[in-house]
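First subunit A sits with subunit B, and in the next complex the same chain sits with subunit C.
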Partner chain A sequence: MRWLFYPGFFSSSPVHVALVIGGISALVCGVVGTFTVQRGQSYAGHALADLSVTGGSASFLASISPLWGFAGMGVLAAGTMDMIGVRNQRGRDLATGIVRGAGLGLAALFLYWDTQRSSTTGASITILFGSMFTIGNGSIPLVAAFAVPALLIIGLLFRPLLLSSVSADLAAARGVRVRLAGLACLVAIALAVSLAAMTVGAILSTALLVGPAAIALKVTSTPGSATITAAAIGVAATWLGVLLAYDSFTWPPSHDGWPVSFFIVALIFVAFLVAQPIGRRRIRQVEG
Partner chain B sequence: MTPTEVTSGPVDSQILTVDGVSVRLGGRQILDEVRFSIGPGELVGLIGANGAGKTTLLRVILGLQATSGGRVLVNGTPVSAGRRGLIGYVPQKIQLDPDIPVRARDLVGLGLDGNRLGIPLPSRRRRLLVEEMIDAVDARAFANQRVGNLSGGEQQRIMIAHALISQPRLLLLDEPLANLDIRASNEVIALLARITTEQQVSVLISAHEMNPLLPVMDRVVYLAGGRAASGTTDEVIREDVLSKLYGYHIDVLNVHGRLLVIGHADDRFEILVGDESAAAPGHAGHSDSAAVQK
Partner chain C sequence: MFAPFMVNAWISASIVAVIAGVVGFFVVLRGAAFVADAVPQGAFAGAAGASLLGINTLIGLAVFALAGSLGIGWLSRRGRRDVATALILVMMLGLGALFLSFTVEYSSEIFSLLFGEVLGVSTNEILPIALLGIACILAIGVLYRPLLLSSLAPESAAARGIRLGWLEVAFLVIVGVAASMTLPVVGALLIFSLMIGPPAAARSLTSNPALAIGLSVVLALATVWIAIAAAFETNWPIGFFVGVGGGVCYAIGRVIAAVRGSRTRRAPAITIAAAAE
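Up next, the complex of A and B:
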């Protein structure tokens, strides 16, 4: 097993932290992502990821954990997108686009200041692409504190959200407060994106949010199994990514490791490609 | 101004009483003192051209649309959020994504508890109710398919099961026959006629085409220009009643049992109700075809 688990993997403290934080983030992303994809809110997820760059770069300036910035900005943006108003798909995309543009402008400014102040591009790399092995274990309680409300929102609103993804009218007629449920779901997406930003960086965070969920929705049939499968795929890809990144310290070209984010996102992408024919076969079986 | 008003009993024995309901939206009068009622077990057609206010009226009954006057009583009490269990609702055909992991049977179950918080626990009672409802609408063959993969007629059956599983007193259907081919349309009509007696529920069906409903409708509520006339087909689908309702001359033609409502204004005439291209002969293809949508 030496070729797979390079010596020191199980005793390394940065690896432990990466496995715990990555695992929690991937779990939350799988659960929240399933609802993001089936409600057609992937685009909002992307916008929240872009905006979390703004928050993350601001928190570097303020010398606090970037998670505060990622999540704070995400939740603020979720509220703004809801307020700007969203009666139809086009209005929703437009509102999202406007908020996103403004946020990225600020991110450009903050990242410039971060780089000026520290005279390195370290902050930019951490925010944009993540650096899991440099997260201190002091961050674990904070990560858990953001994960719990995101999971609670989806757990509590499981049925109302499912019904309103089928039809908002149908849900409203059943007494579901569709707008409120939608806002809560957007907040859960913002929290999931900020956890993913801690793990794989803000730019790649939607890959962790949307990827495992898209795979799960292709290969499963019920709401519950889709949610569990998405979480399992996300956690597996993240842990395997951490392992490969650790092993890659012995790899060329420079023998100082490849980024974890690369491995996680690449694994999810490969899994997505593998799942395509399975999904098609499953649909044919059901129809035939 | 109230055209023909026929009720089949005193107000307190009615399942639905719409009493002088008016709705103004953006300065436009969508509904103008609409009044009618539906008794127990009645199947009533809500007929009118597109844009006549049918969907708005259904939304008022559901308590989803504010009114500028009048009131709605369901089973003798005003509609409110807490009493929504009394009404089952089937919205207009919706485009469903096959990626939504909701099977036909899941959607039926959500009719029972879709508004509840928390993750559903497996329950024998719930499962039996769902099975019973799937059989009631003949949906066993496609119960395990995702709702996004169902044909138009199958989707209507599942929506009806979803609406009925909470045992409402009143079932509202918004254009359930639109975009269905003749066979699927007839199947849905037969199902509704059967279910009205089996489930002891009163039914209000909106449609811009009344001919398919003529054999099963107990009464008709005809909407035009925001105003309504109600009664039996013979009482309402008449030149004098409809001319008064529209405010200009209306002809009613009976072509081999098919009723056509034709309006005359400014030397032009137009078939207002009764021209259903979706049910045109020769069209037997898939009911979701965009080519037959109006």
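Up next, the complex of A and C:
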């Protein structure tokens, strides 16, 4: 087992923190992601992740915990996207892009001010690519505090969200307040990606949101099992990624470790490619 | 502001604005905002790879932009396009993170690639930027009518014998080339602001496609010129002004369209007749 679990993996405190926080984030992203993919909001999810960069860089300026900046800006951006409220997908993507562009412009400014103040650009790299092994023990309760509301939103609105994802008109006829449900879903996405931003970094959190959910929707047939499968795939990819990153401290070229975000993304991407033929075969079986 | 060391900045930024205005019009028309966003951002990873290997950054950018465009085209044949785009993007970014971890001295260079460093453009870099730009414009010119028709009425385009799959790939390649070329100037995270803000505004102002392209170029030029001037005066990053400028363009376009729409009860839209005439 020595070749798989390099000595010290199970006794290392940073690894424990990474496993717990990474696991929670992946779980929440998997659950929220199923709806993100079904509703065609992958772009909104990606944009919200990047916009939380703006919040993260602002919180560096204000010297508060980045998590508050991440989540606060995410929720604010979700509200703005909903307010522009274009009905068709093309227009919605456009509105998403515009909000994202303006938000990143602000991020550039905040990061510039950060670097002016601390005369290092290290902060921007930490915000963008995450630093799972350097998260303190104290942030675990805070992370849980953001995971619970996101899961609650999805849990309470599971049926109405599902219905309005399949057909907005049908949902409206059944008395679902489609617009409100949509906003709640965006807020849940924002909370989920700001969590993931802490673990795999703001940019790569898209992977945890979209990847496991897309795989799960390919290989399962009911919404409930898709949600559970997505969460399981996300957690598995994250934990395996942490393990590989820990092992990679002995790898070339620098013996400095490969980035954990690379491993997680690569695992998810490969799993997605593998799931393609499985999904096709399943459809063929169902059809006859 | 017009000192000799600023000349390169003005020239390269103007070229970038023209390309972004032209290519962006079709990005908006085809609803490809996510792709236009993902390709430059993923291409940034190529720059990191190129600096690791010690080759020209522009080559790394171009390779990754093309690979990303083709990958998105290939994967989205079998499923949702937004999912394919997202996964290709994160895979490229994951590689970027890996490349960055292998290099030692990176922070400020990465910051400028992400958010743009218009003053960093050297005279040697202008020629390749201009050549790639001309190639993009020529390609758009050749494909102008099929692109327009297939964006507005895919069925009728298919009936006329236009091969939609190949057209889509060709368009993605153009976006990829345009992205890799504009990246060193305005930065990976903000190119798409320039590619969708001004064209979206132009589209809501006129229904004539040629006029809309012209207007979109003018608005893009205005955005970058104001951005450079403001960045020079304040010393703030140019990306901030480009990003906010793109948003302002879009907002103005929406307001004018809304005012006009409430007066005439008809939102301006580019019609198929205009495309086929």
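By definition in this document, the second predicted complex is superposed on the first by the 288 of 288 C-alpha atoms of A that agree within 3 Å, B and C clash if a C-alpha of one lies under 4 Å from a C-alpha of the other, contacts with A are read in each partner's own complex, and residues count from 1 in each chain.
Everything below uses one rule, namely that contacts are C-beta pairs under 8 Å (C-beta built on N, C-alpha and C of every residue); 3 or more make two chains touch, one makes a residue touch a chain.
Predicted model, so just to flag it, every value in this text is computed and none were measured.
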Touching partner for A:94 - first (subunit B), second (subunit C), both, neither: second
Which superposed partner A:220 touches (first subunit B, second subunit C, both, neither): first
Broader residue contact with subunit A after superposition on the shared chain, subunit B or subunit C: C
First, second, both or neither for A:37, with subunit B first and subunit C second: both
Shared subunit A contacts, counted only where both subunit B and subunit C touch the same residue: 37, 40, 218
Subunit B residues within the subunit A interface of the complex: 62, 64, 81, 84, 87, 89, 91, 94, 96-103, 106-107, 110-111, 113-120, 144-147, 149, 159, 162
Touch list for subunit A against partner subunit C, complex: 37, 40-43, 45-46, 50, 89-90, 93-94, 96-109, 111-112, 115, 120-122, 124-125, 128-129, 201, 203-204, 206-207, 210-211, 214, 218, 253-254, 256-259, 261-262, 264-266, 268-269, 272, 276, 280
Contact set on subunit C toward subunit A in their complex: 28, 31, 33-34, 36-38, 41, 78-80, 82-83, 85-87, 89-91, 93-95, 97-98, 100-102, 106-108, 110-111, 114-116, 187, 189-190, 192-193, 196-197, 200, 236-237, 239-244, 246-247, 250
Subunit B-facing residues of subunit A, complex: 34, 37-38, 40, 155-160, 162-163, 165-167, 169-176, 217-218, 220-226, 283, 286-287
